[in-house]
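Just dropping this structure here.
Chains here go by letter, A, B, C, D, E and F, matching the order in which they are written, and residues are numbered from 1 within each.
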Amino acid sequence: MSVKTKTIVLLSDLEDGQEGDFFAALSARTSSQTREGKKYWRVTFRDAQREVSFPIWNDSPWSKACESEWQIGECYKMRATYRRTQFGPQLEIRKIRATVEADTADGFDPLLCLAKSRFNPAQLMAQLRSIATEELMHPELKEVVLHLLETHEPALLKLPAARRNHHAFVGGWLEHVVSATRNAIFMADKYLADYPELRPPLSRDLVIAGTILHDIGKVHELQLSLDGADYTAAGELIGHILLGRDMLRDAAREFDLEGEMLLRLEHIIVSHQRLAEWGSPKPPMTPEAMLVHYCDDIDAKFHTFLTALEESAEGEFTSTRNPMQYRIFRGSGL
Amino acid sequence: MSVKTKTIVLLSDLEDGQEGDFFAALSARTSSQTREGKKYWRVTFRDAQREVSFPIWNDSPWSKACESEWQIGECYKMRATYRRTQFGPQLEIRKIRATVEADTADGFDPLLCLAKSRFNPAQLMAQLRSIATEELMHPELKEVVLHLLETHEPALLKLPAARRNHHAFVGGWLEHVVSATRNAIFMADKYLADYPELRPPLSRDLVIAGTILHDIGKVHELQLSLDGADYTAAGELIGHILLGRDMLRDAAREFDLEGEMLLRLEHIIVSHQRLAEWGSPKPPMTPEAMLVHYCDDIDAKFHTFLTALEESAEGEFTSTRNPMQYRIFRGSGL
Amino acid sequence: MSVKTKTIVLLSDLEDGQEGDFFAALSARTSSQTREGKKYWRVTFRDAQREVSFPIWNDSPWSKACESEWQIGECYKMRATYRRTQFGPQLEIRKIRATVEADTADGFDPLLCLAKSRFNPAQLMAQLRSIATEELMHPELKEVVLHLLETHEPALLKLPAARRNHHAFVGGWLEHVVSATRNAIFMADKYLADYPELRPPLSRDLVIAGTILHDIGKVHELQLSLDGADYTAAGELIGHILLGRDMLRDAAREFDLEGEMLLRLEHIIVSHQRLAEWGSPKPPMTPEAMLVHYCDDIDAKFHTFLTALEESAEGEFTSTRNPMQYRIFRGSGL
Amino acid sequence: MSVKTKTIVLLSDLEDGQEGDFFAALSARTSSQTREGKKYWRVTFRDAQREVSFPIWNDSPWSKACESEWQIGECYKMRATYRRTQFGPQLEIRKIRATVEADTADGFDPLLCLAKSRFNPAQLMAQLRSIATEELMHPELKEVVLHLLETHEPALLKLPAARRNHHAFVGGWLEHVVSATRNAIFMADKYLADYPELRPPLSRDLVIAGTILHDIGKVHELQLSLDGADYTAAGELIGHILLGRDMLRDAAREFDLEGEMLLRLEHIIVSHQRLAEWGSPKPPMTPEAMLVHYCDDIDAKFHTFLTALEESAEGEFTSTRNPMQYRIFRGSGL
Amino acid sequence: MSVKTKTIVLLSDLEDGQEGDFFAALSARTSSQTREGKKYWRVTFRDAQREVSFPIWNDSPWSKACESEWQIGECYKMRATYRRTQFGPQLEIRKIRATVEADTADGFDPLLCLAKSRFNPAQLMAQLRSIATEELMHPELKEVVLHLLETHEPALLKLPAARRNHHAFVGGWLEHVVSATRNAIFMADKYLADYPELRPPLSRDLVIAGTILHDIGKVHELQLSLDGADYTAAGELIGHILLGRDMLRDAAREFDLEGEMLLRLEHIIVSHQRLAEWGSPKPPMTPEAMLVHYCDDIDAKFHTFLTALEESAEGEFTSTRNPMQYRIFRGSGL
Amino acid sequence: MSVKTKTIVLLSDLEDGQEGDFFAALSARTSSQTREGKKYWRVTFRDAQREVSFPIWNDSPWSKACESEWQIGECYKMRATYRRTQFGPQLEIRKIRATVEADTADGFDPLLCLAKSRFNPAQLMAQLRSIATEELMHPELKEVVLHLLETHEPALLKLPAARRNHHAFVGGWLEHVVSATRNAIFMADKYLADYPELRPPLSRDLVIAGTILHDIGKVHELQLSLDGADYTAAGELIGHILLGRDMLRDAAREFDLEGEMLLRLEHIIVSHQRLAEWGSPKPPMTPEAMLVHYCDDIDAKFHTFLTALEESAEGEFTSTRNPMQYRIFRGSGL
């Protein structure tokens, strides 16, 4: 590392025409061919906030390295110029090498190359804590929720919401849970107000706390890796629904949350995926559990649609390769 | 009708201990037995807002008429005293006869004996019209929605939302649609604000208009009858999804709503029950259609839970005889 | 209770022609008719080991009480003569009255009227404990299993194995678990010997301990009642699979069973019903979990067949009213 | 285009050994290898009536163009000799180039390269019109059917019956509909004669008209493209069942077809795919709708079998890659 | 039997107002009530060709016998007057008694009281034999088919086609098989002519012989009884598909039908119910098997619709209690 | 074959460092790449008892032959040194050529290259015969079983138990059937002893004979080939369940096994796959059939797990590419 080392910047901060040194992961490489039969590699480099896909032509100096050295999922230190062209954003690579131990000193962290939420995880966490603090009335329930958020904060700040289906990026758990919880507050308020005669009355506390905690077991189900997230052994053999209920039960014991309040909250976690074939051993049998299921599901599905539309940049419809397994309509604009 | 005829009152207006003349339908009659083996009939009379269930003992003067004359679903003119007892509300019958043509002159209308929404249908309709007027921006879309509400107002004021599963009472369509549309406004606002990068942007107009119109075809699918609602021939053979889309297409032609806006709105109606086995020939393929499905479904299911809990007055759990086909938990209070 | 009170005997101990005073429950009563059109009641009285079904004719002195006083599920103190006739065993009733508080002094216990296992529960429990003591090698695992059996012994001695499908009687849990565990020992020994190359080697300990504990959660899922067993709130909302895993985890914490041994044992409980639609959130993913599923299932199904054949006494086939939902073949003997 | 240009012929008209200039599309190209390890490309060129598959060896002058220039789905102008060899029909290519705008002057039309029905579309259309004219008795019904055939004749002459499953070629819609309608005439005649007591009597008119129109909505669902057919946006979002019913309703309005006759005909279109999971929102609820479903289905399935057997030229069984998803038996001849 | 005994006639031959002595079975008896609360029994008596349903009023001399003596499924000797009234056909009973052994001398046969085909079984059998004789070309195949029809003629003349779903009456097997075989001749002729290029060519012989024999195993699966048909032990445990294939194989051995012709014919029987859940262990894998499935299914379903419409005499729709499990539309006439 | 020809040895007998001449099949070849981008082929050669996978580097003298000459599924005569290395067992090839006709003289038999059971087929057969001889009491039943084993001995000695799912190797049928029959003896003994009151008593003979014969039809369903086993035409069109029952019926006729004993044994074969979607036209309707299903299934599934774990040598979990279609847990050792 000589004195002349350029400052490290972020790929996602580069402006049109700007050259910079940055860290980026190779996230895709496919062999392709022009209509005239000219072969090339199409590669994608990404950091947390930007993906750039561009061709490496056969006559490029990087052609051979691209074919036989670069590894998908590996992080590289690159010097390149970022250009917006008529064919989309591109990189003109000047230098490129796999990252090494020593790059840590320059601020390298593999997390920098993983896709991450558009939202700031710390702010999302603050927002979630603030919801728990202000909206939950039942004292033991509030303590349990806050305790779980605090205890697992380091993991939750990075956790994706799922391995693939939705919010599958760093900070995805928080982005999804905050959004679902905002749905929950609206639904709890509305149905509590509209149906005051329901006996027992709808528990606003349970709807909100249940939504915050419904996926807490993902902390033990998933483990972040360079190519996304993997299931832990316990995640595969037991699953986040049971693992999350364990976490709740341990915290409840500590803070004396018990009786029917605890039972109903456990049931919310157990039933939040609704059907046996969707992973829940019991269907939602309380109004609160039913609402939590929908507040979660609507947010997950919205993100699934969003991602499918983003990933296929052209055409009236996306392909069927998305978690819905059917084509999503983009249309030609309204 | 002599001068001495008592004024007709509503069963649901009677106070404890008050005697009155009123119209009510016999909605249930079951043969029962005390723990000591004493047999009796348990009958339920109802008007639009109140149901009273009480025993007719074997030694009652009405015992024989109850057994061999009274018909479930028939409306009666009754003179009786309403009493709240330790066994619940009861009626002491003084006179009872089936209603006759001439009772119309005294204000009798079979609708008075059907269960109806707790909300005022005219107010619900005003609320729905006001949402359409204020929230919809697209001029042709707004015209189409308002035109459909206006044209079918007389039917919509009485229509139930379904034959059995939820909101199955007079005014149920409006109660359900207003509530689902309020869900829709919240969801459209929230996801439009949170995901400004979605292309094309989420159409708030479509989410709201789609929710208002999703069940409009029920106007032609169901026909109100004394014992609830029946399917029309077109309702059974074609179904409200297709019939509702017809209504939309006819109105759209009149007000020049066309192109992709119309196509997306049709798709919302077509797909709002989500799965083929739930009745939709196509699944929701746009973010708007997906949101409308959930805004509708969450409201329908909440009401299903509410009804199941109301109908079984005792015990920790309801029975499995409800549209969910499993037991709903009431518990013993939080 | 005068001095002349006869000694109380057991219905199931009465010999042909013997009269006795005993306690028995009315377990069935149906209205029937001879081919000549003569009406009568067919009633069934039972104690733990014998059921007697016989007619109460219209001209019997008990006819009126049978129709309007006797309650199914109620226990009676009876004086009657037991006779084997060409129409099967019958009772000639001399006296009958509902049991009262004071009968306890004469040894009355409602449990005496519930169907129970042909095997002695205490001996079954001793057998199970002895299996755990002698067969399990892993010290913490053995302690955990013995601790759970001991802690819940009073409940386990009475517990049925299920509410309806199989072994649905007092002591059924033990009868089923002992039998399934004997299957487990055979299978573990056989497949361990036949496939020594399996890596890791088949854990005989896990197969045996897993079978003993697979249904331990029924202790908290079911509660014995006069008309069989009911689900507890936790049983319905959470289910015996999760409740049983809780019991295991608590015991494991106490006795330091941990790591992969604990994880595999938890997985056995979680997956023992194999498919999501059969109630297991995860399918068996280890050879041990797969074996436990079968050792359990084969015993449950054998008992289901046995019960179906016993309950329908005549004809080549049973009816379809059994948990298999199809007819079982009895044939006319081999 | 010099004077010396050879006359353009059809690939499908070439005799063994004849050389000609023709237009053909490259419909398949796979990399392959002889048992001795010699690599080659296997290419398929086709026009509307003939497919020829043959090798391009590595040492062929076309080897390089084949690898890097030829595009699947593209039309070429070729000069080649057609030869039947022991390895099947082959082409010896003399010249080949992608078609250009100017080829239109020589009669080039991409349709010439698409697979098409063995039957003449115009004759099929005449046959269908003649069936409608002669067999239909109900005057408005006849007008509606003839009007729809006439209005959409240009599209119907080319339309495939489906994108993939059966009759997926130019003229396939007509071939399938004429054949299904001949089934319909037979079935209507037979069951009308055999069951004269059916009330209302079987409507021969409805069975025939329903079969002619059952797939009319494909006109708006599919759009012909060089590589087969694609779904239109309305086809994907709404589907041919609903689109076809729209066409019927518009025509019915014009020709005063109404009441139960129209309702039953709409129902036939709506229900012709029978099950929800096969695409029909309502199952066939009239004898006529049931017959139309079968007349359609039997023809579609026969063609599916035929195509599967044709496409896999060798072996006792086809592969499972056909719409039945199982192997079809060819055998070795009877 | 005195000289004065009236001649025995058939219930189905009685004219309006005619009195006669006849045998009839009581096929239904339900307790009912007029709108005024007057109770009565509604009974149905039937012989092979006519069903008469009428009330037995409480003050009728037969009221007591009706309630306590008459047995559903029993045959009676009756003297009664047959009258067509505005409430439908009725019987004025003069005498009635259960049939006795001695009635056989007067021509009584329980078969006379069972529903039977409108067609003459002997003529149907002659028609089927004639089809086999004239249409089948393959000599061994023809011999096998004729041999099986001849051997089992006595059983086939009475056999129903199924226990409940369709043609569930005496002679139903023949009615169904003749009708399905006529479908088969049409389909075989049509598809053989239309697709001469199919390899191997469609075997008209196999389609026809396969349809004749597809249900031959019912001979051993069903056994006629007074209340319809019951499954034999082999019918329940093995099923008519396998039993019918046995019969074919035994006959084939005798007449030297072998090789692929036999294999394909066996496969037709094995696969004729198409899906595993509909009872076929293999799906139709030859064009012939596929055609036979449809020729059978269309006839069975047509009869199912016909029966559902006949059994529910009123209303726009039938109930859902028919083998389709949904409502069939009758409408109000075209 | 010169005098100097080395003795032919077995690949599976070679010790570390030993060179030998042997026959082996190429069972896999995949193109791969080191982390540094160096390309190579990974090939697998196998004989009946050993598989060796190793790289052929680009600079190896065999590189070109590997790429363009070697055929998967072909047998080769090789001279090579077998070495255990840190990367697993490897072969250093000195000579290699495809086997030729003349190699038969040196003892070559393609069977030598197919995977086979670890057990000696002749010993397995002796064991099975001995079980039949000693355990079966019913004389005709014993004769039938022994006759079938004897008649088909040559085929059974080689037959795999299935094409892919379990025991898919030479001798697999015998290995599986012997193991399942040992399960059967245990289960029959145990449930016969435990439930002496079952009527008719459990037939130990039927459980054992049924397990021995349950898959006997595989003899005609499968035919051994160099790349495993293929379905025969009868296997695909009729299936081993029906073919096996044919074999039983033919043998039963010869040895006078008949009546209910034969019917129950046929039913065991028919129902042994339990569910229609698993291939059985009838579910197990006798206790014996139910036991046979489980004795078979447990052995098949155990082997499936074993194979999945063996095939994926590394990692906590296998992949999902196994007949269970989910991941199997290996863990890191207990």
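By definition in this document, a residue touches a chain if its C-beta (ideal position, glycine included) is under 8 Å from a C-beta of that chain, and two chains touch if they have at least 3 such contacts.
According to UniProt, the chain labels map to these proteins: A, B, C, D, E, F = Metal dependent phosphohydrolase.
Keep in mind it's a predicted model, so treat the numbers as computed, not measured.
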{"item": "For chain E, the least number of touch steps when starting out from chain B", "value": "1"}
{"item": "Any chain that touches chain F and chain C", "value": "A, E"}
{"item": "Repeat of the B-E interface, chosen from C-F, C-E or B-D (over half of contact pairs identical by residue number)", "value": "C-E"}
{"item": "Farthest chain (mean CA position) relative to chain F", "value": "B"}
{"item": "Which of B-C and A-B has more C-beta contact pairs", "value": "A-B"}
{"item": "Centroid spacing, where centroids are CA-atom means, of chain D and chain F in whole angstrom", "value": "45"}
{"item": "Approximate Å spacing (C-alpha centroids) for the pair chain A, chain C", "value": "48"}
{"item": "Distance between chain centroids, defined by C-alpha means - chain C, chain D (Å)", "value": "63"}
{"item": "Multi-partner residues of chain B (each touching 2 or more other chains)", "value": "233, 236-237, 260, 263-264, 267, 285-286, 317, 327, 329, 331"}
{"item": "Those chain pairs that satisfy the touch definition", "value": "A-B, A-C, A-D, A-F, B-C, B-D, B-E, C-E, C-F, D-E, D-F, E-F"}
{"item": "Footprint of chain F on chain D - complex, ascending", "value": "33, 35-39, 316-317, 327, 329, 331"}
{"item": "Chain F-touching residues of chain C, taken from the complex the two chains share", "value": "179, 182-183, 186-187, 190-191, 194-195, 197-200, 203, 260-261, 263-264, 267, 283, 285-287, 290-291, 294, 297-298, 301-302, 305-306, 309-310, 317, 324, 326-334"}
{"item": "Sites on chain A touched by chain C in the complex", "value": "233-234, 236-239, 241-242, 245-246, 249, 260, 263-264, 266-267, 270-271, 276-277, 279-282, 285-286"}
{"item": "In the complex, chain A residues that touch chain F", "value": "65, 67-71, 233, 236-237"}
